[in-house]
Amino acid sequence: MLDSKIPSGSLDQKWTSYKGHCKLVNPANKRKLEVIVVGTGLAGASAAASLGELGYQVKAFCFQDSPRRAHSIAAQGGINAAKNYQNDGDSVYRLFYDTIKGGDYRAREANVHRLAEVSVNIIDQCVAQGVPFAREYGGLLNNRSFGGTQVKRTFYAAGQTGQQLLIGAYQALERQVALGKVTMYTRHEMLDVVVIDGKARGIICRNLVTGELERHFGHAVLLCTGGYGNVFYLSTNAMGSNVTAAWKAHKKGAYFANPCFTQIHPTCIPVSGDHQSKLTLMSESLRNDGRIWVPAKAGDKRPANDIPEEERDYFLERRYPAFGNLVPRDVASRAAKERCDAGYGVGTTGQAVYLDFKYNLINKYGKAEANKQGIQHPDTETLIRLGKEVVKEEYGNLFDMYEKITGENPYEVPMRIYPAVHYTMGGLWVDYELMTSVKGLYALGEANFSDHGANRLGASALMQGLADGYFVIPYTIGNYLADEIATKPISTDHPAFVEAEQQAADRIQKLMSINGTKTVESFHKRLGKIMWDECGMARSEKGLTKAIEEIRQLKKEFWSDVKIPGSINEMNPELDKAGRVADFIELGELMCIDALDRNESCGGHFREESQTEEGEALRNDQQYAYVAAWAYQSENNWQLNKEPLTFDVAKPSQRSYK
Amino acid sequence: MQHYTMNLTLKVWRQKNASDNGHFETYPVKDISSEMSFLEMIDVLNEQLIKEGKEPIAFDHDCREGICGMCSMYINGRPHGPWQHNTTCQLHMRAYQDGDTIVVEPWRANAFPVIKDLMVDRSAFDRIIQAGGYISVNTGNAVDANATPIEKDKADDAFAAAACIGCGACVAACKNSSAMLFVGAKVSHLALLPQGSPERKNRALNMVAQMDKEGFGACTNTGACEAVCPKGISIENIARLNREYMMAGLSDDK
Amino acid sequence: MKWSELFTSSVGKKWIMGLTGIFLILFLIVHVGLNACIFAMDGGVMFNKAAHFMGSNAVPRILEIGLFAGIILHIVQGWLLELSNRSARKKGYAVPMGNKGSKWYSRSMGLLGTLLFLFLVMHIAHFWVPSRITGLDPVMIDGKEYHNLFGEMLQVFQGNLVVVILYVLGCFALAWHLLHGFQSAFRTLGLTNGRYIALVESVGILFSVLVPLVFALMPVSMYLGWIK
């Protein structure tokens, strides 16, 4: 039975009341307690730093060469907070409400409200750490608006907000390393969780430089290992982003919740060919100033600038007049796919739509700048020149990046964009305290499922990662560890450690001994294609059933025909990748099973069987207002546990952005 | 943009592990699209090597969008290849023509020992940050974010310095293997902000001390670091570090 | 922090280079000003008087000690830095970076400095040693006896093409050394303000061209007989 441990009381008092009543660990005892943190992105670095500051002995692990490289660093647009510095009607309640609604009523109210509450502390903390957010001339913080909301609540640092926040958390983490409170293990990959008497007590990991397996004890284990978007092969995730840590935890008893909830981001640079290894996001903030369109005539192959205004179809503005280009990500992505599938797509592949800045370059920025400079009746050229300067300041690095990748200058010709896998709302099931269904095993940030429901709003991932790490786990972990003060560190010679290490070693041995004919990469590509075709932007019973069969087949083939060069006891990136892909294959199957089970459309999950007459997603609250928490039973066999979702404050309604 | 395919000759540094001497290997690669990224071209070569039963080339890479700072190749005599303000992962093959020979080497500096092939150990940078590259504020101690207004120009300069991705190209390019641009960028980022002010003296002194301990050379202002920096970090940050350091050293009363 | 720690750190060592460098730049101003007296076309009268002042007055004599100390410090520290900087990369690149990010002379300060040092040995042997130690021929000006340093110059340069070429080459080395060293010294001392950096760079270029040019003109003029 799932107990989400949501505190009683009114929604806005739950967190306050929890903090007032949770158990505490006194400073002398904190020194004796060891905590393992896996992953050093925003959630992991902030958690490791904060727990170190509190006095716990922390061991932090990452597979990269430095904690500063975690993929949180690539987040571009910004971080939301209910500061209401702009005096435009924002509040904790509004942020809560937008997040619940944006998530299409598939997130937990209590968690989301807590997130909105602590959002304001995050900004304070980051500024104090020296995060250089964008500022106004008066020296105060600036905000921008982001998709799916009607207020300006997003704090940003040019197009590098994730980088700046991560560097802040990384520096806090390195400070604790210097103080001896955190021990950092870089180029280490977690391969298993060690569970003793029903409690997580450590991990097995592989030193990626030497290939050696290591055992590490902890009174508690925190998984901050990010999302699993790379199951699709092509995604905006980093090449190394993987599900392995979460998947091992899942197989050791942690439930996997809503695995099929995937966010397809509307504004990414389109695929250019078979060689493509990853996709690059163009920040959603670009939708503030770019207008999305396709030619009004199918198959129109003229260059974008030669297509006159009246022959363009601004399909988002046409379909959703109230939100226009700022509709949530899932809505924008589906609309772009619909146009492309109908033959209106642009570019060589026909799998792209235009994101055009010219209108706002002239009419918004150019005119404002001309007014500011007192230029009377400026001509279009002057307006474009003035507008470019402002746009450059706002998005310069994104425009440069686009030009480097495509060789086209987005100041002159519209960007071509297409949706791509970006974020996974699903993840390890956690209760209000961020504890998984295994005692003492926690999941933070994108690795858990809790806050974004079926669709995440822009600029909320950074917020959640830091909320979990800085402001939630420091309280909730104490509530667990308070009962562990008498537990002495368990020797890593304990049979559970030995067994877990042996299993990891056996699996590596097995992988290396297959010595087949196909590369790891080729399996990953094939898995990605199955997932994208059948479990991507649109899903159907027929397609999913077929996909499950294909994935099972692929798994068999992988385990009999994969070829891994090199040896075990050395640095071997192909071996690392093989382990990750093997886990992705298993996860892919579960995602399809989950997508098949959820016969409704909600957020990023669009079942073709469940749509309105106009082709909008149709939710089914009667049957599916639950979190699907899957328990691993045996190969190809999962048991579904349902956590019912109740909405006492934000009453579910059909989302409308018209 | 006209697309084309090309055949290339790659000369790549291969080194089994830290204690191996290492050597160059020459590989032909065929039918490379001008739309590929440089690393995708290496991917193609690696797939080819695996199929031939050889070991693929080990190289560091992760985000492949120019921000994580993990990729680190020295290509035809320039860190991150020929393009300005660019990382290896964002270098695209249209920078090359059919028939070109490309020599790929790892970063070279005593402080960045080679781990395998093109991978180097940059943990020295982490230890420099540990020496003082932070603001000591425990979680929960912060005042309201807007309590201290910061002059926009200063904030912009701090951001420009903070944009450093820690890739180490500055060290790789410097004839002295100096890490002054990296250290200067961090000291500047924090010294330009009022929040960083209380610790600025010790920060500059300790970070420089750690930098020296790691075996990086001294700066001779040649500007090679700035020229190859993917994020365009200015060498003015080095001058600022020099000043911060001496002001701290001269005013220190211990 | 101890003084010794401060000035033996990489930044401290560079400060010493910068400070002594600027001190030597100031010396060059005095030196070039004094020597320019030969262009007065008065048969060396003004020049010999000025040289006499420098050799007899207590202030310049004391400064001279400082000058030698400064030169030695600059040279020794420079060499030590060059050595330690070179050893920071034991294994080099197969394809050198060359001029893809820096000017050749900015990377060659050790070499240029060494050439200048060799030049300096010759230069000191030519003029400083005779004027301070071994003695110079006397010359009568306004009824007073002066050392004829001007005569020594004529003697060294007239008819001696090899020496003249060496001096001109020395001036080239000086020009390139200054072209990088002038602005680099200010950066090392912590000049960050963009406006002043631009100013220092322009003055630096002007200085690096003008001063060596005037110096080079001296042996050339004497060799070609423009000055007698």
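As written, the chain order gives the labels A, B and C, with residue 1 at the start of each chain.
In the analysis below, contacts are C-beta pairs under 8 Å (C-beta built on N, C-alpha and C of every residue); 3 or more make two chains touch, one makes a residue touch a chain.
Remember, predicted model here, so these are calculated numbers, not experimental data.
Put simply, the chain closest to the centre of the protein, by Cα centroids, is B. When you average the Cα atoms of each chain and compare centres, the chain farthest from chain B turns out to be C. Centre-to-centre separation between chain B and chain C, using Cα means, comes to 37 Å. In this assembly, the C-alpha centroid of chain A lies 62 Å from the C-alpha centroid of chain C. The mean-CA centres of chain A and chain B are about 26 angstrom from one another, to the nearest whole unit.
The set of chain A residues touching two or more other chains is empty.
For chain C, residues touching at least two other chains: there are none.
Touching of two or more other chains is recorded for no residue of chain B.
The part of chain B that touches chain A in the complex is made up of residues 1, 16-17, 33, 35-37, 39-40, 43-44, 47, 49-51, 53-56, 58, 60-70, 83, 85-86, 90, 92, 94, 115-116, 119, 121-123, 125-126, 129-131, 133-146, 148-152, 155-156, 158-159, 162-163, 165-166, 189-190, 193, 195-196. Chain C meets chain B in the complex at residues 1, 6, 9-15, 81, 84-98, 100-103, 106-107, 109, 180, 183-184, 187-192, 194, 197.
In the complex of the two chains, the chain A residues touching chain B come out as 46, 49-50, 53, 64-71, 73-74, 83, 85, 121, 123-130, 132-141, 157-158, 160, 162-164, 167, 170-172, 174-175, 177-178, 184, 186, 209, 236, 238-240, 272-273, 275-278, 280-281, 400-401, 404-408, 470-471, 474, 519, 521-522, 563, 565-566, 570-571, 573-574.
On the chain B side of its complex with chain C, the touching residues are 11, 13, 24, 74, 76-78, 103, 105, 108-111, 173, 175-178, 180, 205, 208-209, 211-212, 215-228, 235-236, 238-250, 252, 254.
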